[in-house]
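Just below sit the structures, each encoded as structure tokens.
The following pair of complexes shares a single chain, subunit A, combined with subunit B in the former and subunit C in the latter.
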Partner chain A sequence: MARRTPKTHTPGPDDAPMLLDVEGLGRLIALLAEEGYVVLGPRVRDGAVVYDEVRRVADLPVGWTEEQAPGRYRLVRRDDEAVFGFTLGPHAWKRSLFPPRRRLWRAERSEGDGAFTIAEEPVEAPKQAFLGVRACELAAIAVQDRVFMGGAYVDPVYAARRANTFIVAVNCTQAAATCFCASMDTGPQARSGFDLALTELLDDDRHVFLLEAGTETGRSFAARLSAAPAVPEDVAAARAVVARTAEALTRTLDTDGIRDLLFGNLDHPRWDEVASRCLACTNCTLVCPTCFCSTVEDTTDLTGAVAERWQTWDSCFTMDFSYIHGGSVRKTHRARYRQWLTHKLASWIDQFGTSGCVGCGRCITWCPVGIDLTEEVRAIRESADIPPHTTSANQAQAGR
Partner chain B sequence: MPVKKRKPKLAVWKFASCDGCQLSLLDCEDELLAIADAVEIAYFPEATRAVVRGPYDLSLVEGSITTPHDAERIHRIRRSSKYLVTIGACATSGGIQALRNFKNVNEFISLVYAHPEYIETLKVSTPIAYHVSVDFELQGCPINKRQLVELISAYLHDRKPNLPAHSVCVACKRRGTVCVMVAHGTPCLGPVTHAGCGAICPAYHRGCYGCYGPNESPQTASLAARFEALGMGHADIARAFRLFTANAEAFRHESEAHEHEA
Partner chain C sequence: MQPPTPLQTAAHPMTPVSGRVLRRRWETDDTFTLDIEVAGGRPFPFAPGQFNMLYLFGVGEVPISISGDPDDPSKLTHTTREVGVVTRAMRRLRPGDTLGVRGPFGSAWPVSEAEGRDVVVIAGGIGLAPLRPVVYHLMRHRLRYNRIVILYGARSPEDILYAKELGQWSARLDVEVLVTVDRAARRWRGNVGVITRLIPRAPFDPENVVAMVCGPEIMMSFTVLELHRRGVASERIHVSMERNMKCAIGLCGHCQYGPHFICKDGPVFRFDAVEDLFRVREF
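Now for the complex of A and B:
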């Protein structure tokens, strides 16, 4: 069902949580760089927090936060110097694991006999460290791990990049108005899937980070930071901050029987209503940290001596996406919005054993017209033709 | 691949336009030699005075139809062309000169020309596809050379060109641009506009102004409602949809709806 297996991270004695001050955070960034990692983390750019290379603490969005609402995002100054006092921006980490555009192969025709030689594309997988991965994002990475590496056909580039990725999680000390991780059981506390986890503790007396390790690699890095050991009160303080964040979450998505609810209401009038607002612009899918669709483009140069195949991000909101001989299967906005929502929240469960939504709220904020999937589900639930649990869901229908 | 016996003949025709799209062809510096190698440039007055007689294998047509003479000329060109591809906003939608379609053209003429009696023009500026059948339309004001090279390569190798008709937003998100509408409140036509430019304007913090025309399924009314919520009045919304591709159906309907409200 919608819940993913909670591999709760219980800090044991050998975990020895530590306290890192702001300089210590700088040492962590430097150490990762020294070990050959490209450190990627949050940075302020063009009016938003995006993920890009960071070299020092000052590169991080120190003293910034944001306001989010459906279709609206604004950076706002904080009245303190919190380093991680914001939540999520438009970028997801998938950009660095599943690149938006990459060449799959290149073929060249030899002059004489016209025969083709195909050059395999070298797998590009730099050592990279993600700094500031939130709990919902850890869950999203786990979902994509399942998609790209969980079956018989493993995506070699994703797998190589994933193997070379070191993850520093950050527990959320505040929630955006668009967040609903608690509903999806993914946050705000990071439970698994990280090498190191930080919780920022900032008050009048101190500005420190509780540092916890989740893997052996993480532990060995932590040991080299010459950080002070944390006392149980520090751990309790960190848990309390995250618990307050959980309480501050305002948005919810009722996932009870959601698969049957959606499959049982494929002709609900709400699909027509949302279709009149949806632009089919693709933004929701491209900002979503779990959406994984791509397309391939075959190109030739003018002389015909070189042909290439490129893979690029795609979305179920384009007409080409469902194009088969004779035309697109999902011509209407209604068909395309319904495909997105039913895949994300219902057929994903059949396909991968989890929900495709981790509750990050990006699709709500970055929809230019502010369409909110939690509202759409609520509207259907409140006036459902068929109550949940009573339908024999015909999931084959969901694709139409 | 079957070896083509002779080089295909390429012709470039001009109607009412600024020549910017033809210049995109000359702008293909790196590729120009390869193009000249692969095709015979049979008619291209902007580049050469030499004229090779038709019929032509591939005709690129720039500009819109604005005079009775041109309305006839395009039929002759169609008859002598195997493939006819329109290039740019003028040829595909009527161009900026289609602003006349919303007013009385005689008023413009009397204001602009000292001797209006010398001017022979049609009441409306129309796209080429309004007059003859068109095999492919290349969008943009102007078109970009990367797309032009892609189109010619695809033609030469009998494949479908990779020129998707989805929204500009796809390009913004692939390149990692922060959405100017969501993060800054800047009205942007990107969600209803045909991709192809590479999302240049939002990358420079500007809203897309729709120079590639409507995309494959433009939901203009919903976007216009958002513009209103962002504080734009009806007159400004009408103007936003009435630029280089004002006469494209979806944009024309939207601007007219707001003109009447204003």
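Now for the complex of A and C:
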């Protein structure tokens, strides 16, 4: 299967950044649709920003922002008309690359000998454009690329959808209280993994977007938008906005030696403490943009002549997840929370050469009891059985 | 040596190939063996220790280790105990019935690495099934190995798996077979007690032995302790691990064990690779 590797290309004279006004953003949406892409972007629905099809700028959360805190998410009106003046809602893009529920195949049993034949589900991979992908989400997509396409087995549905996805990144102009992308070195500036990137510049004088191309495909689209060339001051203004966002980040996660820290403290009393709050509701795993676990459901119709295999998202917080004959391996909330956190922040590094956390903070916001993984790690670090070595690099990171 | 890769005839790695039951025989009250012909008689090469995903139409799919002879790929053999929905339905399979097969998956017992050394095979209960291909291999290539010891523990004399074959192996002069049961009626003349009690008197050189251990985790745990006590290093102990598995191809996440995916990095691990996690409860 052909895989389009989204990589940053060296900027040449032809792809100098451009300035797009709000109408120009509308032209971009229209152009993508014209080229056969289903354009997916942020929309306000049921009191939250979710990702769904957008046809025009007015579909986007214009003039909305949100307040986020552990266990809390509220949409709030802005006093301006910013198009991307919010951060992240509960949806991650993974739902469009790794569908929550999909049929893998359908089998029919013949009357006579009971033999069955299997018809595989055709791989559906519509051309889709993601509009408004934040830097942490670009990182999350890169993480899932490794999971689903980097090993001996490739998930054919993910790979096909990924190859047909056009990505328009949006740099963050504000930080939510739950964000910690800088700690995970994933944001807030989008650095790679996009076809186009936008930075919204909004002040008393103007409302424009700095448009930058990350791939050849992105560049060819940009060239058709009849946008004005940007001057170096525009680029500097865009970088300054993102730098201010970075400064506004309040949450941090110290990742120094985190693998050894967590694996050296598998019997730390903090696991009992967090288990006394954790409801094992699975919310964190469902909103997480990198969580990839799935299960298989084998079903039959009422006649028993037709069977199907479905693949659905699963969560390590369920009792079923670790069930083997005789019972579940991880019966307690303690064991399940520990599994999730040690996988996300530690064993993920062994498995895929990267952390499983991109610092988006969704698991903090959408936890009904407000469990904050940065706080859990801090608590373990501060009272660790095996204190990890502290390096100067770590202090530099913690200080930024 | 890389173990064989799965036989795949469809586009999606989670689509099984069809298999037909050739024979079913009962080993004990609740344990049976299926001989299966895969995809119209295609040879099914596998390495000792590997497993397949067996699918029953509309019921579900379960991982089961291959328990046949690796030198005879014409026939696929699985021994399983009825413990869940799928295996209970599987007991009703008759010759000619169809089922789905995906595999072989996973890592293998280190039969090549063990050449020139003593080999001790230690199995508890149904754990003998994934080790039987090792025994077949050792017997067929007997001269490549030094002393061969098989230690087997079952709940009761009635639960002894492959009893006839154990008898045949134990009749050989060049193989030592020791069997013990947890409990027995008076007419049982063999050993009674946990399997770890066989280890101190098993005839092998702890400095130059390869141990292959399979059984319930608690049994493997105490077995390893006893092997350590005799001076066998973790690097020469191998265990077969079990976790929930849905995909068997490292994508569904269920079988994670710290850094490992049991389905692709295991099920057979050199003990030092899992030693630190082995002592952690509910991991």
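Everything below uses one rule, namely that the second predicted complex is superposed on the first by the 371 of 400 C-alpha atoms of A that agree within 3 Å, B and C clash if a C-alpha of one lies under 4 Å from a C-alpha of the other, contacts with A are read in each partner's own complex, and residues count from 1 in each chain.
Methods note: a contact is a pair of C-beta atoms (placed from the backbone, for glycine too) under 8 Å apart; a residue touches a chain by one contact, two chains touch by 3 or more.
Since the model is a prediction, treat every value here as computed from it, not as a measurement.
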item	value
Which superposed partner A:P90 touches (first subunit B, second subunit C, both, neither)	first
A:W105 touches, of subunit B and subunit C: first, second, both or neither?	second
Contacts of A:G151 with subunit B and subunit C, given as first, second, both or neither	second
Which of subunit B and subunit C A:D298 touches, first, second, both or neither	both
Subunit B versus subunit C as contact partner of A:H325, first or second or both or neither	second
Touching partner for A:R45 - first (subunit B), second (subunit C), both, neither	first
Contacts of A:S347 with subunit B and subunit C, given as first, second, both or neither	second
Partner chain in contact with A:E34 - subunit B first, subunit C second, else both or neither	neither
Subunit B versus subunit C as contact partner of A:D80, first or second or both or neither	neither
Residues of subunit A contacting subunit B in one complex and subunit C in the other	298-300, 304, 331
Residues on subunit B engaged by subunit A in the complex (per definition of touch)	1, 31, 34-35, 37-38, 149-150, 152-154, 156-157, 159, 162, 164-167, 169-170, 173-179, 181-185, 188, 190-192, 205, 216-217, 219, 221-223, 225-226
Subunit B-touching residues of subunit A, taken from the complex the two chains share	45-48, 50, 71-75, 89-91, 95, 100-101, 276-283, 286-287, 297-304, 312-313, 315, 317-320, 331, 333, 365-370
Of all residues in subunit A, those that touch subunit C in their complex	104-105, 107, 109, 113-116, 118, 120-121, 123, 147-148, 151-153, 155-156, 263, 266-267, 292-296, 298-300, 304, 307, 309, 311, 314, 316, 321-326, 329-332, 334-335, 338-339, 342-343, 347, 350-351
Interfacial residue positions of subunit C with respect to subunit A in the complex	10-16, 18, 20, 55, 57-61, 81, 83-84, 96-98, 100, 242-244, 246-247, 249-254, 256, 258-259, 261, 264, 276, 280-283
